[in-house]
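Same chain, two partners: subunit A is paired with subunit B first, then with subunit C.
== the complex of A and B ==
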């Protein structure tokens, strides 16, 4: 589904990604682990095309399309989702309004009609219920006054409603207690299908207990240095990055 | 001529910069250009004024001659040549049509294009679930149609053009005209008193809750013509009315003057909600053309427990100079001011409010949201004044500015004068920019950049926008998006 070849990217003057290769097929869940500063979040932002991340070399191909030539909203329209490590607050904009605008923007990009308010409400309510989110939170301003766990749950609801082909989840497990982790994991597993792919960026093994990855990668200093099955995550947890890599 | 107008309209629509910039090709009757006592008499005669009103106009004109253009506002524009303006322009066919069927079809078409319903079965801008709204349509210097009159008359509500009211309800006009904004209040108010040609009069009788929203839609069409309208709203004891005001003008290279006066009188326990969506032509990207919007709006909360709430969304005009105010005379009376002002390109706005506390336990709330971009310049100017007699006054003021470019200016000038030690006055102000993180978060959810900015800005203005009646809020949200187009990057 997505193929990344020899990706180099820099922020300002410093090169963060230094020749990264990664291929994820439909139906697969991959996890990227690695020490702080390895470039994991940079990878996530670069896949989405954040403007202050400059790609200097290499390519990203998504379903045969050259992703690097597309604007961020076009990449989203193609079916890519980014779950944020630190979801942003937008005062004055309700969750519902935000999500409906987002959904209709991607539909329009794909040449589809806007979804009716009634149908949208039905879907959002169902997804919120699946993720045990209080329906009142849908009316609140985007992430304003949300706890860390509520923000991550909100990201997961957004993913469920937007229903992407490929989801990049940047430290979705950070800041979650055990109950919230389980609920968010259920949400990720629900998104796991034959026709979707998921890339999880995480520091810890514990998320992987709930969402079992097909492939685990170790990222160090802007490159993937080792890949393996889910047992690799356990090995990392035991020995640390330095020994494994 | 019509062809050019149509082409202009299409260009405007295609670029989506100012959708209302078309010209209606209609034969108009003008007063001779320029201003002197004869012109004042001409307008007065056209309006069939009673003697007292002509005298009142002449008095104002003579006072105006001795007054000076105010220079304290933080705006710059070349001196206005008051003799290069037409003070009266009326479509020839507009002579008091008795029913909508008699209104010139070209005028009906104009309002249709503007999304203003003049047929009573239509609703504003095709908004789903919209309620009935009565409309007074003012075209250049005259009112061309007023809808829902019968239904309103049944409720005892008077809603008509001020010219008609002068004829039909002279006692009310004589009693209230100029009692809130005195003739010599300021330069432009004095000018308005001398040459006002039309506007709206509203009277809500004792204890009546007006059965629908009332609105006036102002359209400047004719070239080199000033619009000087006069609105007078009287809410008798225990009554309630919500009134809306909208305005647009064609795209022209010359500046045009709009100098209006709005007076509101709220008697005991009465409540008036006054909402404006001001969308006069702002001029082009280089600052050429646009409306000079010099308006005096003031409410007198005369009775105890009365309340007046101003809500304004200001996106248009080349230069705006406007301070909707409340004189809180009655005990426990309440004044509110909710404002969103957007300036782009070369627009200049100096706007705010005055809350004058005279009665005991009066309170006021000021929420001002300024958004500036391009090379525009915006100033919030507000006065909170507490008189010695006013015990237990409370005021809360919040002024937030959002800057979208590095080349725009935002200024906050609050004046606070407190002459009673029991007053509680709070003032908060912030200045911010849209953060990169906010923008990227929206983009990463599939929004285009302009859509993202419009959404964040609408969120920033939420407290004000939610004060607007639903039909206007939808319109105003779209307008904010359009006004900010091309402002990103």
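== the complex of A and C ==
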């Protein structure tokens, strides 16, 4: 589904990604682990095309398309989703308005009609319920006054509503207590299908207890230095990055 | 420019001799002081070339059909090219609720500047309306000021409103016109008796090359409530002034302005609030969103007299610049002579939040729409202050209609 070849990217003057290769097929869940500063979040932001992240070499191909030639919103329209490590607060914009604008924007990009208000509400209510989110929170401003756990749950609701082909989840597990982790994990597992792919970026093994990855990668200094099955995560947890990588 | 105006003043004085004295003395004042310029402190942010260079002559009567805005109103009052248009107005609903007389010339507010003097000299609308004491007019009155001459002409209107004790009225004024370098110059004088309530909405939506200059004077007596909301859209130059004088204890004054300032537009707001007596509240909020090479300014002066103890006066001013070439000016001022008062003012100028823009992009929202959504969020809470839901929706619709275009020439 997505193929990354020899990806080099810099932020400002410093090169963060230094020749990264990664291929994820439909139906697969991959996890990237690695120490702070390895470039994990840079990879996530670069896949989405954030403007401060400059690709200097290499390619990202998504379902045969050159992703790097597309704007961020176009990449999302193609079916990519980024779950934020730090979800952004937007005072003055309600969650519902935000979700509807997002959903209809991606539909329009694909040449589809806007979704009717009734159908939209039905879907959002159902997804919020699946993730045990209080429906009242849908009326509140996006992430304003939400706890860390509520924000991550909100990200997961957004993912469920947008239903992407490929989701990149940047430390979705950070800041979650054990109950919230379980709920968010259920949300991720619901998105796991034969026709979707998921890339989880995480520091810890514990998310991987709930969402079992097909492949685990170790990222150090802008490159993937080792890949293996889910047992690799356990090994990392035990020995640390230095010994494994 | 005074020559061409002189002829018009003489013609109008001859047509309605009762107005001659007011016109001639005002014109004398105009000739003596001329129009303001950037050298005048109150006018330092204005660009008046469109008026001072061309001296637009009076617009002619027109029979063009004016489309009203959608909404549920007690009455429609249409002024077209500076003349009351009876045929297009619908005032039957005002029977027993609103009295209309000719202008009370003996009690006109003194002219503050050349614009106001010219307004007195050249007015073709001069009217006084009264809402009798105790009368509550439930649905808003719609006053439509339209300029459709197409050849850079002017309309001067002067109106007075007296809201009697305990009476309540909501008026929406819609100023709009064609895209020529036309000019609407309006003066509106309001007196609110004890306990009167006046909700005053202004939608100033000028055509591409048009200029608007307007002044509102409000005198609020005991426990009167004045709430204004001004939405400024379009035009090359829009100058909107509100002068509120609180002369009765327990009165409340609110002056809100939202300016959506596109490229090469100048939206200039000036307010004065004068707390003459103790125990009154004034609250002013101003927000502007300014595109490349646009300019929006706010000058607000609050004066608290020596006897005006326990005054509460707030002024909040925020601007968002959409481009480095956009210009925001903010000059909140406080002049306090009393010692037991609570007054505050604040001004911030910023940009749209990059992180929020990326967040929206990362949810598939295209840049234009993302910006519009964030701008709407920025001005949204201002609209919450408009009590009447129908008017709030109407204003929001008008704002939305320009949001996506802001900065996209």
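One rule holds for everything that comes next: the second predicted complex is superposed on the first by the 245 of 245 C-alpha atoms of A that agree within 3 Å, B and C clash if a C-alpha of one lies under 4 Å from a C-alpha of the other, contacts with A are read in each partner's own complex, and residues count from 1 in each chain.
The working rule: a contact is a pair of C-beta atoms (placed from the backbone, for glycine too) under 8 Å apart; a residue touches a chain by one contact, two chains touch by 3 or more.
Given the structure is predicted, the values throughout are model-derived calculations rather than measurements.
Engineer: For A:48, is the partner it touches subunit B (first), subunit C (second), both, or none of the two (neither)?
Structural biologist: both
Engineer: Do subunit B and subunit C land on any of the same subunit A residues, and which?
Structural biologist: Residues common to the subunit A contacts of subunit C and of subunit B are 48, 50-51, 71-73, 76-77, 82, 84, 87-88, 90-93, 97-98, 101-103, 105-106, 109, 158, 162, listed in rising order.
Engineer: Which residues of subunit A touch subunit C in the complex?
Structural biologist: Per the stated touch rule, the residues are 48, 50-51, 71-73, 76-77, 81-82, 84, 87-88, 90-93, 97-98, 101-103, 105-106, 109, 158, 162.
Engineer: Which residues, counting only subunit A, touch subunit B once they are in their complex?
Structural biologist: Its residues touching subunit B are 45, 48, 50-52, 71-73, 76-77, 82, 84, 86-93, 97-99, 101-103, 105-106, 109, 141, 158, 162.
Engineer: Enumerate the contact residues on subunit C facing subunit A in the complex.
Structural biologist: 353, 355-356, 358-367, 369-370, 373-374, 376-378, 380-381
Engineer: Show me the residue ranges of subunit B that touch subunit A in the complex, using the header's touch definition.
Structural biologist: Counting only subunit B, the residues touching subunit A are 435-438, 440-449, 451, 455-456, 458-463.
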